[in-house]
Amino acid sequence: MIEIRFHGRGGQGSVIGAQLLAEAAFREGKFVQAFPYFGVERRGAPVSAFTRISTTPILTRTNIYTPDHVVVLDPTLVEFVNITEGLREGGWVIVNTRKSPDALGIAGHSNIATVDATGIARSHGLGSKAAPIVNTSILGAVARATSVVGLDSLLAAIREKVPSRREENAAAAKDAYEALMTGGAL
Amino acid sequence: MDLIEIRWHGRGGQGVVTASELFAEAAMQDGNYIQAFPEFGPERMGAPIKAFTRICPTPITIHSQVYTPNIVVVLDPTLLGSVDVTQGLGTDGILIVNTPKDAKEIATMLGYAGRLYTLDATKIALETIGRPVANTACAGALVKVSGLVSMDNMMAATKEKFREKLSEKAVLANIETIRKAYEEVSV
Amino acid sequence: MNEKTWKEIPIGGLILDAGNAAEYHTGDWRTERPVHILDKCKHCMFCWICCPDSAVIVKDKKMVGIDYDYCKGCGICKDVCPFDAIEMTIEGTED
Amino acid sequence: MKKTIPDIELMERGHQACLGCGAAHAMRYLLKGLGPKTIAAIPACCWAVIPGVYPYSCMDVPLQYVAFETTGASISGIEAALRAKGKKEGTTVVGWAGDGGTLDIGIQALSGAVERGHDVKYVCYDNEAYMNTGIQRSSATPFGAWTTTTPVGTTKAWKLSPKKNIVEIMVAHDIPYACTASVAYPEDLIKKAQKMKDITGPCFMHIYAPCPTGWKYPPEKTIELARLATDTCIFPLYEVTNGKYRITKRIKDEKKKDVLDYLRMQGRFKSLDEGAIQSIRDHVDFEWARLLRKEECFGEEQ
Amino acid sequence: MKLVLSGNEAAAYGAMLARAEVISAYPITPQTKIVEKIADLIADGRFKTEFIKVESEHSAMAACISASLVGARTFTATSSQGLLLMHEMLHWASGSRTPVVMVNINRAVAPPWSVWADQTDSIAQRDTGWIQYYCESCQEVVDTIMQAYRVCEDPRVLLPAMLSEDAFFLSHTSEIVDLPPQEELDAFLGTYEPDVRLDIDNPRSFGSLSMPHQWYPEFRYKIQEGMEHAVEAIERVDREYGSLFGRSYGGLLDLYRCEDADTVIVAAGSMCSTIRAAIEELRSEGVKVGMARIRVFRPFPTEAFRALAKDVRSLVVLDRSFSMGSEGAFFSEVKAALYPLSDRPDVRGFAVGIGGRDITIETIRSIITDSLRPDTGITAQKWVGLRRCEE
Amino acid sequence: MAKPMALSGNFAAAYATKQINPHVVAAYPITPQTLMMEKFSEYVANGEVDTELVCVESEHSAMSACIGAAAAGGRVITSTAANGLALMFEVVYIAASLRLPITMCVMNRALSGPINIHGDHSDSMGTRDSGWIQIFNENAQEVYDTMFQAVRIGEHKDVMLPVMVNFDGFITSHKFERVDTLDDAAVRDYVGTYTPEHSLLDTEDPVTYGPLDLFDYYFEHKRQQVDAMRNALPVAREVLTSYARETGQNEYDIIEAYHLDDADVAIVALSSTAGTAKFVVDRMRAEGKKVGLLKIRLFRPFPVEAVREALAGVKQVAVLDRSDSFGAYGGPVFAEVRNALYDAESRPGIVDYIYGLGGRDINAVDIEGVYNRMLSASGRMAGDVQYLGVRGD
Amino acid sequence: MASLKELTEREERLTGGHRLCAGCGASIIVRQILQATNYPVVVSCATGCLEVSTTIYPYTAWKNPFIHNAFENSAVTCSGAEAMFRAKKRTGEIPADKKVKFIAFGGDGGTYDIGIQSLSGAMERGHDMLYVCYNNEAYMNTGIQRSSATPLGAATTTSPAGTVIPGKKEYPKDLTEVMAGHHLPYVCQASPGYFQDLIKKVETAMEIEGPKFMNTLSPCPRGWRHANDAAIRISKLAVDCCFWPLYEVRNDTYALTGQSKLIADGKKEKVPLAEYLKPQGRFKHLLAPKNKELLDSIQEEVDRRWERLVKLSKL
Amino acid sequence: MSGKELRCYEDLPPSPVTHDSSLVFKTGSWRTMRPVISKEKCKLCGFCWKFCPDVSIFEDSEGYPAVDYDYCKGCGICANECPFDAITMLEEDAI
């Protein structure tokens, strides 16, 4: 079973991101779960969401404490939130930033990947200039880095489930898939 | 004296419940334990209703309704045709009816063989209070017939009960009613 | 958070320390940062009365700056300023 | 015998209302106006008892007893279900509640129902206190009245706050039709009921229904007292159709009776002093003048 | 058709598949997605229903009761404070014998204010005459809504039912849900056609006053009788549903690996999935443990518990709720049901997951370890996972 | 000292409330509670109390106003019944969780539907999980005395919880009985003044009531509440048993064991029915039958130990439940009693009789029948849950 | 009226560190009201964004006594505290000359819908308190469901703008008018955009004994889908187009105030409704050509209500 | 509306639905004062019929109003409202 944690801010689409990832895995015949950490924080506040993917039925319904991978939708969160908390050894940290993985200064045993999801989202007109919606973009990067889902099933899930601008979202995911920057490991 | 149970019949608005309470309160002055309660229903003004009094020298613990009263008091003569006033009343019981008619006639009409007393309580009330409210007169008759409470205690209880609700004149009129009924009831 | 046990907290869910939300800094929500330009400021207090986060600092009836511990970067202060004395910049160094 | 109101009786004899109950009149007239294709909902109030105990009922129209505070919501449910079932056409859904169930505990459900625009009629029969539980004050109790929870006593603590103006509150909800009616004017009441039946959308009727038990007057005076309430302008009869005011029982100044005549008939006002009576008089005059001005301002185009 | 749905969305789909004719609901966290999804389905023209957006939960239930009396199939959803606000109307619904089906998202009761999973809200309604289902998965939510309508509308039952899902652990968790074909569900469920209803052609009064010496106690007894019929109906409908659609849930009491178990965990709701995972671990270590999931709490599975109790050494009852001044309702009722047995198992009670405190495999393991300690006589309920000073 | 008065349960409660002289009373009329509020309104109108009377527009608002007032740091009393209690259900929980020692009389009445105005316990039993202390009273005298005890228990610093004073609608609420009353000064001394640690009116030291609690503290707050309930048991016992000593009134305890010492069979009952049962016990004891009665006064917190001890030697027990938990296995009292005895050394047979719903009268004959059935059963009685006095069974 | 600069010298009663959205109108309104009040205040608050985000255990943003009871009972909870205040003055526990003001806050859901009964009751009983509705025209706390304050045509999650139905179908309840129907000493409507007017109304209300009601329009960037910095701009536009007129009713006498009075007197231009709708995503569909007729009819209704109000102010 | 006699709970429908008319309640038993109509004085205005709260005035075969004493509770409104004093209230017991 693979467990993935998303970090974002209220309004950036982290919860839908977690759901889309589950949808994509579902299309590959996997068993899935997706759920938010539900707080009452408002737009702009740090939030998290989770996805579980498994080849066998998923029994447990607890929160996720030791994720296999971590996805960070907003670069400024790296400062405030302990994003690698509980991360399993060898897991991926995928961050939306223009910086290179090595410049992020994330210590420890994880693999770091970065992508300018904000730039990609803006280029496809997703969200507003002040608040671009980056969830679909970064999912492309997740697919590439972790291989938990294939790009095709991800794009299919996006085309079917995103509420609006479906093609633009799919294109953004594809761009991000291509543009992923990884650190030393990959 | 054992537990005594009394049932009162009247109509909504005629002071039936007040009579049941008044008599109980008089009995309490003698150091008795008492209960007084209405038949709990949603009936409106004018509808036939019942109330009950229990009197006992020792604490009363029973809380069920009254099924076999020792005494029944009927405040309104127009009820006799429509309500079974003697229900559960044994031949060793007492029945008091407010009516100008005499006891025999009522006994025949109801087919009741026990002790039966009548008085024209409405007339007494009209003379003393000026309104046809028969409740205190009937209570006065019960004092005499039952011998359960003394007249002094009945007077004291009446004063206490009506002190806040009625003018002094009206209280005295009620006391007069009780006294008159006490005297006039044909034993 | 300093997690207290059930024996240490006041009963009934009461909070006894009025205004202690000040210990909670919402400045980390900010993606855009208002910058106060003192030269242009006429201290009309419009920004102060319209700030949703009590984050405009006023001393002696003068607007002296923004409290970045709480400012969430909504931009209302800039919007209401008649004198262009507040500018919004993107948070973080990379831009 | 001359019959100025419809013959049909949808309220049976044998009901349990007090002698001279104004609310019984009100129901009788309303049903004459609405007719047999009516479904009613009644919350806790005298009228939850008046039809009789299980398994008997004096109502010849289908009736649901509902919880005290839910009349507005319950009729919404009935109306929605009728629509879902394709049976709404030609059926009138009416909520029937006392003043407590309308102005106090039920005002929220009422407000919600009319705001949602359900095709329901809501009728409040107003006897100005909680009569079912035994004369406790409600927000429809007028200033100056004795009730068991405003028992005057030595401190003269009669009801001190004014009566909530439910019709104006309903008018503020912008509903197609709101009106007042009185049991003393059955023809007017029935005409208004018929009008409501024909309007699609939420309608409200406020019926003045005297209560001999609670107001402390002899039962034969119910109609007389109700007539006086209108003649003194304490309870003016008017209707508001799509925001347009119309007074349906016009009281000419010279015919207007003094409020004192009205107050004196009832035991509940017996303790009032001259100052209180004058303030009631002033309030009634103010309200009446306002109503006339509203009719002038927002009346039918001449 | 398989979809990835959250528990809330599953409830909305359930209402649509059951063809609820009138829906009356009020938003409350964490139930809101249900009403939103229903509004979406209506706006898309997929769901034809009358949706009354009432102004309070109290009104939501009132409108459902009235609509049901007109003869409509009705649906609503709420949670926590909303359920508490409609408490009076819950009694009213069962007293009126209206088969309303409601989804309740189990959320903690305030204050302090909390929006996370806790079953106190629905447990507090245990006397109201509602059938109570506790669902474990989003799939079960859809299937149970279908089953619940069948059970509730059975003329021998005629009672309302509430389906509970744990806040967030189910309501906001998306997972795969298989939706059976509409035609087959229609055939399974039929339409709701009550004999008596609010009908202008047959005017009757519903719910009039009843005096003590008249019929009130008899009507109350008939509710209890309806509950007794519900025991059979729930089992039967669950079996039938299983044979048609391949999924059934053990009727009232869902047993998992109880065959040779020494210890059986009794629980309800989403934690049961985690318990299954914990049992797998413990079994692999040789600990003979099973689970009895309370799928239906009302009617209470008395007979099923007695049958189970014959062969086990101890029952470990987990309550995600608490009756102040007493103990968890599951704990109490299990003991009361087993009381007359001459050979009774040891029954241990634990309060867990109050206010949404997470229940992990470790939580379950620690409880089992605790309960395997030698019997210390009378056992009071223990609170698990509580921060405490040195006690 | 004690002056006998003829008072109904409602008037006894009103009179006691007058003597307590609370700061705020907020209530809404409902049968059969109204007479208490009407009587109390008279005291207010005559200036006999200092109380602010708030005549709200619904029961939900009645409890809400009480919460606002109690949070503002004073003594608060209210009363309701049946659907009124059901309507305020949500805020009943809030009052307990905010730890506000409000005293509320509940004139127990059946819940709708069909609508019914008479006495049964389904209203209060529905709130048994809410965190209120619940005391059930047999007669007007108990109602009177319990009002003062309730104030003392609820306001005890180790407790700080609201208290529900329950008595049977009509049967007790409307029945006039002899009540031995205390004089005003004695009541004043007994209840003392209430000075809570915090108050909403303290503008110098502001407090926030009722914040949002995330899962990092909610559990702990609930645990505090459980602890307060646990404390309430010894506190209630102490307050009840010392009452006679302090006031010269009757003796009280959290339970009342009546001829249980050598009883073979026993009935467990609450409220006025316990009185009728005493009447029957006396009669049957005179015939030499070993029958007994356990009256439970304190239902929340449930006195597990006391119940277990009281029933230790009994062979067969019949629980009388004046409410049903539909679909459950028996009524609430039954479940509690069985639960209390589950792990006991000697376990009597326990059966349940659901009776008196909607105020259906329970009389001496009914109760004697229950005793006789227990006496004539050889060994444990068959049939766990039965319905007493329902037509058709 | 105290000047803004004078107000800055008073202590802030709502601290930063609350967790409302960036650019939320509610906290602006609360701050403006509390700053305009120079008395000690006791606040009650209905469940809603304001309550949930300002008092998350163990933190509170309120520097005055604060109580949250439930969703539907902010007004009555406040009235209970006010009754206790009076009782304690009577018993002498609180000095007779002590002045404390009671303010109840509620959102539109907690005021127009589930709390209207508690509000109506408290006002009718005559408690000395001010009720303030911060009206953001939908259930924002639970995520933008329609309330009876939601304007016709607005898209919410339970009245989505779909292919068949263009948003909410009903006109909003006019709660200010409903409260005026209660014959209160003071009822008013205000907007945080015109803060001078709002502050003046608060100052007026604080000096009037008895029940007072204030309805304020509270922009919500998330629910109305407007830019984070637009709250003030939009709440001004609402007044300028006469969708949200500023007025007060004292003892049944109506008076337009501030900007609205200037518009009525012809001293300011009344702007078209569309100007107000444009910056808000929830109305986007209304501006599409196919909905022109609908837009016109909404404009008509706004005009009708405005003209009625102008008439009332001259009554 | 015709119901069989109810004896035990088995006879009841599940939902408390009425099935009989209130005509079984002969509320005439409540009456202490009896209205008596004088045909001589009656002008057939119909007021007594219109204003009767108990629906207890009917038209007799000659078209005159008559009282249904089975249900008339004796409130006296008919007598009070009659413009022609055609109705007198007599004491029931004296009849």
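By written order: A, B, C, D, E, F, G and H. Residues from 1 in each chain.
In this section, a residue touches a chain if its C-beta (ideal position, glycine included) is under 8 Å from a C-beta of that chain, and two chains touch if they have at least 3 such contacts.
Just so you know, these numbers come straight off a predicted model, no measurement behind them.
K.L.:
So which chains count as neighbours of both subunit D and subunit H?
P.N.:
B, E, F
K.L.:
So which one's got more C-beta contacts, A-C or E-G?
P.N.:
Result of the comparison of A-C and E-G: E-G.
K.L.:
Counting in whole Å, what is the centre-to-centre distance of subunit C and subunit G, each centre being its mean C-alpha position?
P.N.:
Taking the average C-alpha coordinate of subunit C and of subunit G, the gap between them is 23 Å.
K.L.:
List the centre-to-centre spacing of subunit C and subunit D in whole Å, with centres computed as mean CA coordinates.
P.N.:
Going by mean C-alpha positions, subunit C sits 54 Å from subunit D.
K.L.:
Centroid from C-alpha atoms only, then distance subunit A to subunit E, rounded to Å. What do you get?
P.N.:
Subunit A and subunit E have C-alpha centres separated by 35 Å.
K.L.:
Taking each chain's centre as the mean position of its Cα atoms, how many Å separate subunit B from subunit D?
P.N.:
That gives a centre separation of 40 Å.
K.L.:
Counting only residues that touch at least two other chains, what does the list for subunit C look like?
P.N.:
Within subunit C, residues 3-7, 9, 12-13, 15, 18, 26, 29-30, 72-73 contact more than one other chain.
K.L.:
I need the residues of subunit A touching at least two other chains; which ones are they?
P.N.:
40, 44-45, 130
K.L.:
Quick check: what residues of subunit B touch more than one other chain, meaning two or more?
P.N.:
Within subunit B, residues 42, 46-47 contact more than one other chain.
K.L.:
Write out the stretch or stretches of subunit A touching subunit G in their complex.
P.N.:
Listed in rising order, the residues of subunit A that touch subunit G are 10-11, 40-45, 128, 130.
K.L.:
Which residues of subunit H touch subunit E in the complex?
P.N.:
Counting only subunit H, the residues touching subunit E are 1, 6, 8-9, 12-19.
K.L.:
If we count contacts the way the header does, which residues on subunit F are in touch with subunit H in the complex?
P.N.:
Listed in rising order, the residues are 113-114, 390-393.
K.L.:
Residue numbers of subunit A touching subunit E in their complex, please.
P.N.:
Result: residues 19, 22-23, 26, 31-36, 38, 40, 58-63, 65 of subunit A touch subunit E.
K.L.:
Using the touch definition from the top, list the residues of subunit B that touch subunit D in their complex.
P.N.:
Residues of subunit B touching subunit D: 12-13, 42-47.
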